[in-house]
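Encoded as structure tokens, here's the structure I'll be asking about.
In order of appearance the chains are A, B and C, and numbering begins at 1 in each one.
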Amino acid sequence: MSISGEKKSAMIDLSGVAKSFVLNNQGGAVIPVMAGAGLRVAPGECVALTGASGAGKSTLMRMIYGNYRANAGRILVGGTDVARAEPRDIIALRREVLGYVSQFLRVVPRVPTLDVVAEPLLALGVDEEKARVRAAELLARLNIPERLWSLSPTTFSGGEQQRVNIARGFAHDYPALLLDEPTASLDPVNRAVVLELIEAAKARGAAIVGIFHDDAARARVCDREADVSAFTPQAAA
Amino acid sequence: MTQDYNFAYLDEQTKRMIRRAILKGLAVPGYQVPFASREMPMPYGWGTGGVQVSAATLTPEDTFKVIDQGSDDTTNAVSIRKFFEKTAGVAVTEETEKASVIQTRHRIPEAALREDQILVYQVPIPEPLRFLEPRETETRKMHSLQEYGLMHVKLYEDISQHGAIATAYAYPVRVSDRYVMDPSPIPKFDNPKLEMAAIQLFGAGREQRIYAVPPYTKVVSLDFEDYPFEPTKADHACDLCGAEDSYLDEVILDDAGNRMFVCSDTDYCRSRREAGHVGRLGEEAA
Amino acid sequence: MTPLLQVRGIEKRYGARIGCADVEFDLYPGEVMGIVGESGSGKSTLLNCLAGHLKPDAGQVIFDTRADGPVDTVTMSEPARRMLGRTDWAFVHQHARDGLRMNVSAGGNIGERLMAVGARHYGDIRARAVDWLDRVEIAENRVDDRPSAFSGGMQQRLQIARNLVTEPRLVFMDEPTGGLDVSVQARLLDLLRGLVRQMGLSALIVTHDLAVVRLLADRLMVMKDGHVVESGLTDQVLDDPQHAYTQLLVSSVLQV
């Protein structure tokens, strides 16, 4: 079993994180969704977020990515406090340190798949040729037929889009990775490829936080589980 | 008869106003000075701007000459000359040498002008930037801030469409390293002559602008490093006087396509022939 | 790092009516900021104040100039500001015909800014125009055609080439994809993203299209009645809006 996150310095380090949504257009209704959340993930470690549907797994993951704003607490990723950082610091963090494979592919329409996958590398200033080679490797490995590479992924099937999304998320060797159901809607062959990618990322020292509904996959790649139900606010109506 | 008119047709008040504009133009070479252009007893496009400038410039002692495209005997030249003969009673001449004030349309005389002469140009469109920028407020700002990139856009367009700067007349110049100026529709052959000893005054009647180039002022024709300005003319000698250094008009002689080239400056051609020069089709002076 | 642009207390009034007020932000090199809001929210007024097209009644627009460091462009002399507008700044209009000279060839349109800053070698100017046509995906053999012969999308790409040829550091864009067909919009968005990345451009993009800012902008400012009601990371503002107006704006977008 891997080393525990407590001893080494954590790559991802959350404490006292709270979140509530205020619906200003519905009488200012306040919906607390999380309080006192804490989590530490060391380099090379993969932690699965668990809990019933609606318990806040995705919410927590989005807060780590800076997509949702935390109302309280500290969210350190590679030393940057995402809860307080300026937008440009979060953008730099996302470019260099923190990768995110969401369940949805969001791209400029009509951009070829190869370029979609290469983009995170181009953003880092990697040479175009090298970035495309790397993108091609990943697409081949994820069994996207080469004839599709020059097409936009917006017209692809759900499974194909998911694999393009994964290829994009793994194009750069991020020190920290967030994976939102990376194996959902994948066939066994591609599922195995994704799990290999995750294991390889761990082996090179990436700290990973994931949501896996696939129990076998979770058991295979995750070192620990963190149950987000523990962070459900007591005062919730 | 002259007593029927105030001297040179315009009233004294108006002439003073025009002279103020002229002085301002001389003080700021190339700058277009607005003036309250008057109705003249001739249509716009017949030199109403030049006529007003001439009227404000002439004194009873002056000798006046008018040329139209180099020629003293076209309708336009004759009628303007007669106009001032009648309204100012000044002496008139066709000889460049003898004139003290020369009003011109579309040419500069071949003979070098002297410090005691004044050349008055008739100008149809004084604004060199007008072709590309129709807004007067904007062109004024461009002049005041010396934003003249647009002038080169025009030359760029010429080269891209014709392979060379095809602008053959009204070729834009920069005066005294400051204002870009339209030298009126003179052929670009005449541009180098804009640096001269005489005072040059430009009048645009319809557009109500006067501008000027003082004697010995630097006047540079705009161009590109790889497409330098060239003062071109027809590659012939004058068929009447044999001159090789003058600007030529082409004259079609018959339906068989025979043609001849003659000096556009009729006085220059005449004086050369009188001095014994003979061209290809010329006859010995009688 | 010095911000490229520091905006402080910008206010513009039209009589008693507020165009925009109390606008403050910093824009850093390489950042793209979107400004969204409905018609009349003051976003275009703000953009025009920032770009020097309108004089604000109060406030500073401090630009980090190459020669003299940070300078307030509101109080700078007009020649200096116009020079900035031809060199380090660029402005992309919604309607290409506002930003192009329709009676000048594509090459002349691109070359104008070069000639305005003193380029006097025809061959060089033309070579750079051709290079830029290629960068905005317009065929080289269209270099002598007038923009009136171009499609709307091509006109807009030409306008971008004309603006970027002097390698500005800050680009103001007013609804750059407005009025274009959806498929043409996509191509333009991709082109803009590539250029922003390759040239390290900073940009301010005014639009009412939330999809456009999500794809182009790092940061977002939401305006209502002339005031900034919310700002932050683009996806954070869109996915976790805090202000009532932003919540309404985001929830009003039709899902495709």
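We take it that a residue touches a chain if its C-beta (ideal position, glycine included) is under 8 Å from a C-beta of that chain, and two chains touch if they have at least 3 such contacts.
Only a predicted model underlies this, so the values are computations on that prediction, with no experimental measurement involved.
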*asked:* Measuring between Cα centroids, which chain is at the maximum distance from subunit B?
replied: A
*Taking each chain's centre as the average of its Cα atoms, which is closest to the average over all protein Cα atoms shown?*
C
*Measuring from the mean C-alpha position of subunit B to the mean C-alpha position of subunit C, what distance in angstrom results?*
46
*Counting in whole Å, what is the centre-to-centre distance of subunit A and subunit C, each centre being its mean C-alpha position?*
32
*Between subunit A and subunit B, what's the gap in Å when you average each chain's C-alpha atoms?*
77
*Can you check the complex and tell me which residues of subunit A touch subunit C?*
21-25, 62, 66-69, 87-88, 90-91, 106, 108-111, 122-123
*Mind pulling up the subunit C residues that touch subunit A in the complex?*
28, 31, 182-183, 186-187, 189-190, 193, 197, 214-215, 218-219, 232-236, 239-240, 242-244, 247-248, 251
*Touching subunit B in the complex: which residues of subunit C?*
78-79, 82, 86, 101, 103-105, 107-108, 111-117, 120-123, 125-126, 143-144
*Quick one: in the complex, what on subunit B touches subunit C?*
132, 145, 147, 149-150, 152-153, 156-157, 159-161, 223-227
